[in-house]
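So that we are looking at the same thing, I have put the structure below in structure tokens.
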Amino acid sequence: MASLGLIGLGKMGFNMRERLRAAGHEVVGYDRNAEIADVGSLADLVAALPGPRIVWVMVPAGEATRQTVADLGEVLAEGDLVIDGGNSRYTDDKINGDLLATKGIGYLDVGVSGGVWGKENGYALMVGGAAADVERAMPIFDALRPEGEREESFSHAGDVGAGHYAKMIHNGIEYGLMQAFAEGFELLEAANVVTDVPAVIKGWQRGTVVRSWLLDLLVLALEEDPELDDLEGWVEDSGEGRWTLEEAIDNAVPAPVLSAALFARFASRRPNSSSMRAVAALRNQFGGHAVKKVAE
Amino acid sequence: MASLGLIGLGKMGFNMRERLRAAGHEVVGYDRNAEIADVGSLADLVAALPGPRIVWVMVPAGEATRQTVADLGEVLAEGDLVIDGGNSRYTDDKINGDLLATKGIGYLDVGVSGGVWGKENGYALMVGGAAADVERAMPIFDALRPEGEREESFSHAGDVGAGHYAKMIHNGIEYGLMQAFAEGFELLEAANVVTDVPAVIKGWQRGTVVRSWLLDLLVLALEEDPELDDLEGWVEDSGEGRWTLEEAIDNAVPAPVLSAALFARFASRRPNSSSMRAVAALRNQFGGHAVKKVAE
Amino acid sequence: MASLGLIGLGKMGFNMRERLRAAGHEVVGYDRNAEIADVGSLADLVAALPGPRIVWVMVPAGEATRQTVADLGEVLAEGDLVIDGGNSRYTDDKINGDLLATKGIGYLDVGVSGGVWGKENGYALMVGGAAADVERAMPIFDALRPEGEREESFSHAGDVGAGHYAKMIHNGIEYGLMQAFAEGFELLEAANVVTDVPAVIKGWQRGTVVRSWLLDLLVLALEEDPELDDLEGWVEDSGEGRWTLEEAIDNAVPAPVLSAALFARFASRRPNSSSMRAVAALRNQFGGHAVKKVAE
Amino acid sequence: MASLGLIGLGKMGFNMRERLRAAGHEVVGYDRNAEIADVGSLADLVAALPGPRIVWVMVPAGEATRQTVADLGEVLAEGDLVIDGGNSRYTDDKINGDLLATKGIGYLDVGVSGGVWGKENGYALMVGGAAADVERAMPIFDALRPEGEREESFSHAGDVGAGHYAKMIHNGIEYGLMQAFAEGFELLEAANVVTDVPAVIKGWQRGTVVRSWLLDLLVLALEEDPELDDLEGWVEDSGEGRWTLEEAIDNAVPAPVLSAALFARFASRRPNSSSMRAVAALRNQFGGHAVKKVAE
């Protein structure tokens, strides 16, 4: 059994600590929220772990993660290993890894998928970094991932950065899949030919080409709310969808589906947009077409 | 000077009668609205014209046009010529033309562009049909189109149907152009880097790559309403945009811009859509992401 | 156990006969190919079945199906039931159903999903028609669908037409899902950050948000051909994707992901397209930009 | 008449020197290519101009422009004014402007449109910076822009950066306009209903809603090559289209038309793409659909 430091005990980190402990690993957790933390500081966390140490960082991507990695560089020792399991942009990983390398500290980046279901089902893991570091952390990875064949929920994707790159693309695909189901749902509802839409979608769970976990989740959602009218059609996006599209731009790869899915979310948050007011204005100018005027 | 029967004195037909008369042509207009009509029936219209007659149909596309053509087949004589200048789907033209051909009556289909500005500026015309019929109607076409080189505002596009086909594609392009300007306008407004958006757009009218009539119209709209906030971003569509996309499907031609422009209009009329409620529901299911609940 | 007539023993029908017989049903199969048929004519098929009969039609959509249904109307008797399990457009179903109804013959339309895997795994079924007819055919449906909860692979979607409508939308979604995975695959390959692309995709099979049968199939494909370079990127489309988009147009529902997926297939079959030659020509005109000239 | 230093005498700068001199301005041009330069170094250029000086930079965007601005910071004097007329990303302008401000040197960024036609027709100008600097450079701007109303080809868009921002959006719109025409052209060619495609497009030049300079250029291109088959459908993109899409992402603004136009260019340069090979592989896996195998 391994000993592990775990920094960040939010929605994801908290559950991961549970799952790791259930698998018999010793986990020393640190969080700014002292009520859920096992130790009161990074220094305490380091002191509580036998060397060579493994410390898993699970804090918000960007500044918080970069700062935590830098802080760890100050308190860890040569031969220790830092794992960033957050949703960092893959370009941060080289910076983080290079910084720690100057001190002889190893670095792995891990894309983690599974959401709130991961505690019970296990988390899928995509890892970037040196093979020896990956091997060393394997007991941790094996405890976090679902039971069964390792290769079906774990990959060593490449060098430092490759784990987060793989997770970014995973999320980009996820955006596209969700939007595809969403458009199909709207078409089923709009045409009034299918009179039992939830039954049709439930009936796609086995035997069809579209069977998938997202479909299963849509079935759950429809069981709670058959017309989904408790919710508003207002959808946030997180970094990975945007980064995926920026990656498409940088590599000159067309990504029409992934961009359409992202734009649908943007549009859901822009009712009465400038663009459509401009189209309305143009139609009015050239054709005298009726427009909706804002009520006085 | 020619004599012409003109059926349908709506927004377009009324103006065309004015323009044709201003050019010295004799026009006998018929409309269901007796107040603006010159004659009280199709039979009166036929009686009022010396043969061989030319009758221009300018009524709503679809059933109204097909019925009018059929009615004309009953009252016109061999050697007469019917011109459909409405926004008919090009597939209607073969039906109309074949029907009239059985009676020895000629048929031309004409796509007419120019909107409310056409009365003063002239209408651009795209014509389908037999060359001899086109030649025969040329004095009418020359009066309707803008002054100057005929080839810059008039085309004989091909056989029966080709005029409306060309107009359909013209309108499909128009959808794309409008949406391109609209997206640019929204980006100018959203970023707050450009502080005088109307000035920038006005400054594109000459010397730029994007200079165009639609740009000129956007300038006019912004002069009336600099932030376009008297209007709602709720945009109708007419048949041609849809038909263009169906044509793309039938010919297996990708049309990502034209479809995006059409879908933006559809979306403008579907706030809180089923599809985006479905995406919100999925995010909530797998990630426990916050969603906007409908207020109690 | 039921007796069933089955017309059309192609890739799908042949396998379905096998699966039905394995479940203990008596199946009398007819096909124009006498080598695989059980009887030599529709009349023989009818004679071989005890009444009231159930006849499943599994022939190509469109003319072939409509003709088969019409032929069955001539040879079947009042109280018999025809099931169209092919990929008919849902608008054909009302025509077929009404025709048979005049003779007192029942009609169900069934969307069947499962492809070549259905023989072993079972087929998912979406059914349109009267509840009594659905109930009567249930033993057949139960034998064709996967084992387990009926509601997870079978739905009674609504009246006649609803089964094929649901299947059409299923396939539209399928187009979107496939394209989402395809774009992700291209982005993984293009950036050269992930050095073991097949391992990453295999590692998404469990625990991730994107886990799905299509992902499993992509894993199988990559196991056979890790860079997929035995194949050409030239992709056909069948009717359902096009019909789904036409349905979106008719119902004024935006479908950006489904259309992008369809257009990507169209584009894959149009190298050196007119549209991109036009863009190249325009760039050359206004900017003197370099263009690729066709080699002399 | 003003005196102006002009750095960079490429396709654009060379023509601008001509146009400025034709208007009576004194221009001292510097270029790394001594054959076309008026002076041999930046120092010579500075020495040749009476103070307070105006120096226009017209070199490639990015590193070359940033370096040139930095070099000018070393040789110019307080009270001088630098104008970047290249295609810099607007985020560079703040850096450049701040650097020069520390030395009391003014800075304007100017988006310039007009391409190879600008020498004769004039260039449209979008300017960012302080009002006093704009006023000071106005004689130069007036000489470069087309004759006529200043407001129709010149705008003071906002503070430093706003000129290049406006130009970026201009080019993003331009991508969308070009693709809209291109799709329409392909649809005209594909359907074989219109038999004289060049005539139809020429006939759109006056009176239509789509009349525009890009349409005029398409007419010119078709006059040279009626089916555009001397060119390959392989289209480059420059920075502005990509930047516009990145700006849409950063501001959470949907840009379906602009992205579709950019992706069409990307796709034109990726025949036999990984993504479409993946879709072909998936179809083959689930349906046994025929695929094109690479020839042995």
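To keep things simple, chains are lettered A, B, C and D as they appear, and every chain counts its residues starting from 1.
Everything that follows uses one rule, which is that contacts are C-beta pairs under 8 Å (C-beta built on N, C-alpha and C of every residue); 3 or more make two chains touch, one makes a residue touch a chain.
This one's a predicted model, so the numbers in the text were calculated from it and none came from an experiment.
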Chain labels contacting chain B and also chain C: A, D
Comparison of B-D and C-D (more C-beta pairs in contact): B-D
Chain separated most widely from chain D, comparing mean CA positions: C
Centroid distance [mean C-alpha coordinates] between chain D and chain B, Å: 33
Centre distance in Å when chain C and chain D are each reduced to the mean of their C-alpha atoms: 47
Shared-contact residues (touching 2 or more other chains) in chain C: 115, 179, 181, 183, 186, 190, 209, 213-214, 248, 253-256, 260, 263-264, 267, 273, 275, 286
Residue ranges of chain B touching chain D (in the complex, touch as defined): 90, 113-115, 118, 121-126, 145-146, 148, 151-159, 161-162, 165-166, 169-177, 179-181, 183-184, 186-188, 190-191, 193-196, 199-200, 202-215, 244, 247-248, 250-251, 253-258, 260-261, 263-264
For the chain D and chain A complex, residues of the former touching the latter: 209, 237, 242, 245-246, 248-249, 252-256, 259-260, 262-264, 266-267, 269-270, 273, 275, 286
Contacting residues of chain A [partner chain B, same complex]: 11, 115-117, 178-179, 181-183, 185-186, 189-190, 213-214, 217-218, 220-221, 225, 228-236, 256, 264-265, 267-268, 271-294
